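Report on one structure; see the data block that follows.
The letters A, B, C, D and E name the chains in turn, as written, and every chain counts its residues from 1.
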Amino acid sequence: MSETTPEAVDERLKSEPFFAKMMKRPELGAIAGVILVIIFFALTADSAMFSLSGVINFMTPAAQLGILAIGAALLMIGGEFDLSIGSMVAFAGLFFGVCVVTWGLPLIISIPLTFVFAACVGAVNGNIVIRSGLPSFIVTLAFLFILRGLSLVGLKMATGGSTQLRGVRDTIEGDWLAPFFSGDAFPGLFLWLADNGFVATFKSGAPKVPGIPVEILWFIAIALAATYILLRTPAGNWIFASGGDTTAASNSGVPVNRVKISLFMLTACCAALVAIITVMDAGSTDARRGFQKEFEAIIAAVIGGCLLTGGYGSAIGAFFGSIIFGMVVIGLTYTDFDQDWFQVFLGGMLLIAVLFNNAIRKRVTGER
Amino acid sequence: MTDDSKFHHGDPTAHIHPVVEMKNIEKHFGNIIALAGVSFDVKPGECHCLLGDNGAGKSTFIKTMSGVHKPTKGEIFFEGKPMNFNTPRDAMEAGIATVFQDLAMIPLMSVTRNFFMGREPTKGKGLGKRFDTKFANEVCVEEMRKMGINLRGPDQAVGTLSGGERQTVAIARAVYFGAKILILDEPTSALGVRQTSNVLATIDKVRRQGIGVVFISHNVRHALAVGDRFTVLNRGKTLGTAVRGEITPEQLQDLMAGGQELASLEGSLGGTV
Amino acid sequence: QDIIVVAHGQANDPFWSVVKNGVEEAGRDTGVNVDYRSPETFDMVAMSQLIDAAVNQEPDGLIVSIPDADALGPSIERAVAAGIPVISINSGSDVSKGLGALLHVGQDEFDAGKAAGEKLASMGGTSAICVNQEVGNVALDLRCAGFAEGFGGASKVLPTTNDPTEIESKVAAALASDESIDTVMALGASTAGEPSVAAAKASGRDVKVASFDLSASFLQSVVAGDAAFAIDQQQFLQGYLSVNFLGLHAKYGLMPGGNVPSGPNLITADKAGQVVDLSAKGIR
Amino acid sequence: MSETTPEAVDERLKSEPFFAKMMKRPELGAIAGVILVIIFFALTADSAMFSLSGVINFMTPAAQLGILAIGAALLMIGGEFDLSIGSMVAFAGLFFGVCVVTWGLPLIISIPLTFVFAACVGAVNGNIVIRSGLPSFIVTLAFLFILRGLSLVGLKMATGGSTQLRGVRDTIEGDWLAPFFSGDAFPGLFLWLADNGFVATFKSGAPKVPGIPVEILWFIAIALAATYILLRTPAGNWIFASGGDTTAASNSGVPVNRVKISLFMLTACCAALVAIITVMDAGSTDARRGFQKEFEAIIAAVIGGCLLTGGYGSAIGAFFGSIIFGMVVIGLTYTDFDQDWFQVFLGGMLLIAVLFNNAIRKRVTGER
Amino acid sequence: MTDDSKFHHGDPTAHIHPVVEMKNIEKHFGNIIALAGVSFDVKPGECHCLLGDNGAGKSTFIKTMSGVHKPTKGEIFFEGKPMNFNTPRDAMEAGIATVFQDLAMIPLMSVTRNFFMGREPTKGKGLGKRFDTKFANEVCVEEMRKMGINLRGPDQAVGTLSGGERQTVAIARAVYFGAKILILDEPTSALGVRQTSNVLATIDKVRRQGIGVVFISHNVRHALAVGDRFTVLNRGKTLGTAVRGEITPEQLQDLMAGGQELASLEGSLGGTV
């Protein structure tokens, strides 16, 4: 961001290699972790993992997590937590399912309605946090329970006793909006690629990868948009300021309350987006959707360099953090390790990835 | 001790209406009484000094003026109309810029981002509307240079600046955005010789543009150098307001120390304070 | 009359929600007051405390599941000592009598797993994965253990979370990294079964998928031939019958003479069609 | 703590009622929440809840949670998190179980060994956090997975394939140390009370309450000890200082690193204590023991007024926070609410309790 | 401008060995060079003033002296022996007490607890050994009163004190615990008239007890009032050390402002700085 040209080189500055400059940015630190994890799996895992279908296979859960993680990262940078996003996925999924299946609304109405609904819940969260001055941890924790419980009650009412609401896929069949939120993008392209031998095919001749799952595109789009907002708009400055020091920000004229409430709404909308995508993909929703996703989202954001205390972090960091997390979770299945060790490896890999990333950053930037 | 400087001093006459008038302001924090009824006003183009001992209530008072605290009792008039700022942003939008004693800076953010925090310059339109980083960096470096600080770069984090550099950022910011009233709470406390003289000169310049300045200081010389009127607080109450020329530096210093033991102190310091 | 059910499965668990539906329906049919309770997670310590809480209320009957006789034993014995008639359901058929329960309704998770394993082996399976969405939950671990024993061939546990997307990816990954796998055993139809079917289909190989418990979508896959079968212990009966028994016991002192096995019950393509609707309503 | 007597009453102070002074203390704020919850259940729940056996019944889980919560509270006041305590309960439980059952060691050796072992794991946690400078959230999160995974692997090794280790109760039968860590204290007293009709009995004549469960005594003892340490010893001052501002504390000569590492060890030992008590009480251990307890411990500490950012809070607050949490969780089963609504009520009650406590405190102390 | 005060000044002669001697200290933060080779020493019973423009590196320098930063290059001798403080606690235990520019206070903790942070007085023995609250409160209130601040109560949170009150706590604490060296980084910046004179008097008193004082200030008068030697930093380098009496206030002010443009500045301020 240093675009000014000082008249002369300041004698109080050492020259700094470009690489060191880059590593200082919180978003780029996480890249070291990604590279380490890739190297690890390249050595230990089945080669299928890094085939096109393998990559798409681990990117799909990473993308779903990542959409949540980016929302959570923005909120964390703004100095608050939202523990209710996992439950929000279930609750928004239920709402969306009811819109589509029970009420038979078309997607063009159901989807905006779901977002509005999620945003309202987010606004309630935010308002309680702001008005009461209680920590957001405890307020959104209450909503973690409340929304999860309401999802169960709602599902039972909507289905007459079951915990699973199904039939979404049949109902939305043929809706023109469906391809934006479910299935694979660019199927034609991949068919063509397969025909021309660029993509592996099954014996039947169908491409092994029918397209890029839409959530991956959403994930990338949201990461870019969030990065743009954080680094290039006044709103981004306000988010950093609100999280860095609420009093100082408010004293400097940042509308802290407005910023925080908007972030709560945004996070809830991210959860709603994940809900819509997964419900449409699975064709059903149940009471356990999104279980513990709030936790994973925070993990991904922290791996990506966000501070829990607020005021520092990046969306791109959360992007790579989600990929690290997704890769470790799925990757172990490709290796020969005994699966009983799964959690030990998950924990160990996470620790090594962040330690490595941290060590690299310190070495490169010369901090001690 | 010089009791005048070569600055031009404003001549606020009685018929000019104050920009801000505060009447009988009280402020309690729980069981602590920080202000016990203080009245104060600022006229356009004058520098009104607020003086007083440590803990007298100066910062608390200017915080009620700039919308940070709501007064427990008392009235605030802004340009003649009763006014109730709910947030510092309201006060800011009305044209009041403040340098708080704790500076209100975010340590982890860069100098430029702190400088423009809350009032970011933008370029582009609609969705393409964005923070104009280039312009912001230029303004920031330039304003800091005017105050006598050569920044290494506008993207250094404020938390790693020296105490005086940080204070200068806060002052430069307030001066840049101060529209009708500029409030400075001990702005020169951490500043070097050069920087202090720049700040005092800036106050003078700003006042000449018709902006009202509220200046808090513990340094009698600084106050006398730029002040037009002097209000002294003591233990949450006003000891009175004096107009420039009607009071000697010694009397003022006497008042500032709370009017006690001054004789003995004065002696032991040999006029060094 | 008050009858309290303390079970180790949560109300939002698809399997246990059916038990709960059975409990409630029996309550409506017989006119007794029923109350279903469970700990927040699979937590034996918390569950024993819930049993104690129930005993304090001195109900006319207590229904418990016993996945860990050591941990729950003292609380159940306390109930018996307090003169409360106890019936055990689901797990614990082997220890139920010894702790003083009147009888057991249900069937052991291990046996059900074994039955499923034998069936899949007989269908030609040689190498299997057992998709466990809650490793450490002893009830689920027993299903996998039983399956491994019944199946006989190579069998690995694939630990996952509750997230269907992740399960689908992991099953796909497992299939991609080991060409020999031809059987997938899922421990819950809606969480693990449905994504396993999707992953098996996407792999383009001939993989047999079976699942514990029922869900409408999974049953449809059975009908369509994408999945082999679902194994069901008719858990609705566990809730319904036990309440009925205790209600009658309180009224007339009646009690059947022995344990009631409610399953296992393999639902294959020929039967699946009839069950879909009931499953969608939370009865199967 | 204001024991000095200013010569004259300062005119800058309003007189303040005793009650208001009390409510300012973080520990006492939580009492308002406790009272509210009691009133709620007094109105809605079966009267059995507030009989002696009912109280003991909800105090038992509250005590087990509370032992963890007090450790977590001290650590939070010291500015760090430990997400691995839940897994530590399982892991220490496994270790203890193996000591007792597999190796056949007497309690006098097994118990200290378990504590030493837990403290070592805590020290590893702490050292990684301090040396790397990474947030404790991510480091202890890694240990959450690692320890949970190791418990599973260890259990399978110890039992030859099962995830449940049984037989602890039989093995420790008759060990003289057992009564300090399991069962009920003062059984004789309660028998006598029952015989004399002071305590309700079952139809069989056995007292409904055979004694006070030892965990409740441990809970109270630990709460008192922790409060004493926090308020009356130099170490307490160091804990507050380390959490309030690491740099300032270290610059003022507080041995911040030593304090934090000790706190990590203490928290791990609290987890080990809970593990020992529950394993001995249940007679068995499994891989899911302590699942999500870290989360509940943090909840209890936050309900009790601890700040997530560190430097503020109290052990007594965590004490009451645990009681609120325990009472709500168990209490709902004494009411007629449907289990489907359980989570909705849990969340709602938590929210109302903290909002109420907060509102009362603000009103009484005159903050705005 | 008085160039002497009535304080007694120490007469540190060449043969007295310095308590602390720092040679060619360099300190880099990443690519930022804060100190580019500074040498400095303090002798017992003298007040050595460290002066310089904002951002010159004064605070960074005294932080290396008190164990907060490790120097990138250079040597530190404490009482003649090479010394490497790993933590501020080490430095403190060696007898160095510091008032940092940011005061190193915990806002949420009470005044007493901050005062004794890291060095709590205890009573009782063994397990009954506990923080002696009564004694601590008394000492704290008394030391603050000596500096001219009447606390409302020793259990008020430091975060709610006024800027000057807070600074006084830090100074009182350092003075109370300063054993061999007392480092004061702009101690009087936020202080009122009375409090400042108390602090200067305290420095004089402390020095007379044979303690070495390092005093950082931007106020030439304060420096001249108590200083025995004056070292001026500029942009991370020493401009030289002058002994009291060998330098005029004007020359010193000149040096402090970095030696530039002083003529013009001096004029515009009318000697008010």
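Just so we're on the same page, contacts are C-beta pairs under 8 Å (C-beta built on N, C-alpha and C of every residue); 3 or more make two chains touch, one makes a residue touch a chain.
Note that the coordinates shown come from a computational prediction; the quantities given were computed from them, not determined experimentally.
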- Query: From chain D, how many touching-chain steps at minimum until you land on chain E?
  - Reply: 1
- Task: Enumerate, in label order, the chains that touch chain C and chain E alike.
- Result: A, D
- Message: Applying the contact rule given earlier, which two chains have the most C-beta pairs between them?
- Response: B-E
- Message: Pick the pair from B-D, A-E or A-B whose contact list overlaps the D-E contact list by over half.
- Response: A-B
- Query: In whole angstrom, how far does the Cα centroid of chain B sit from the Cα centroid of chain E?
  - Reply: 27
- Query: Could you state the distance in Å from the CA-based centre of chain A to that of chain D?
  - Reply: 33
- Message: Two or more other chains touching the same residue: where does that happen in chain C?
- Response: 11, 135
- Item | Multi-partner residues of chain E (at least 2 other chains) | 29, 32, 102, 152
- Query: What are the residue numbers in chain D that touch two or more other chains?
  - Reply: 12-13, 148, 152, 340, 342
- Every chain pair in contact, whichever chains are involved: A-B, A-C, A-D, A-E, B-D, B-E, C-D, D-E
- What residues on chain D touch chain B, complex-wise? 11-16, 20, 24, 365-368
- Would you mind writing out the residues of chain B in touch with chain D in their complex? 28-34, 36, 70, 235-236
- Message: Give the list of chain B residues in touch with chain E in this complex.
- Response: 2, 4-7, 29, 32, 52-60, 101-102, 148-149, 152, 156, 160-165, 168, 186, 189-197, 200-201, 218, 220-222, 224-225, 253, 256-258, 260-261, 265, 268-273
- Mind pulling up the chain C residues that touch chain D in the complex? 11, 20, 35-38, 40-46, 48-50, 52-54, 56-58, 68, 70-71, 73, 81-83, 135-138, 141, 145
- Query: In the complex of these two chains, what residues of chain D are touching chain C?
  - Reply: 46, 48-49, 51, 53-54, 57-58, 60-61, 64, 148, 151-152, 161-164, 166-169, 202-204, 206, 208, 278, 281-284, 286-289, 291-292, 329-330, 333-334, 336, 338-340, 342
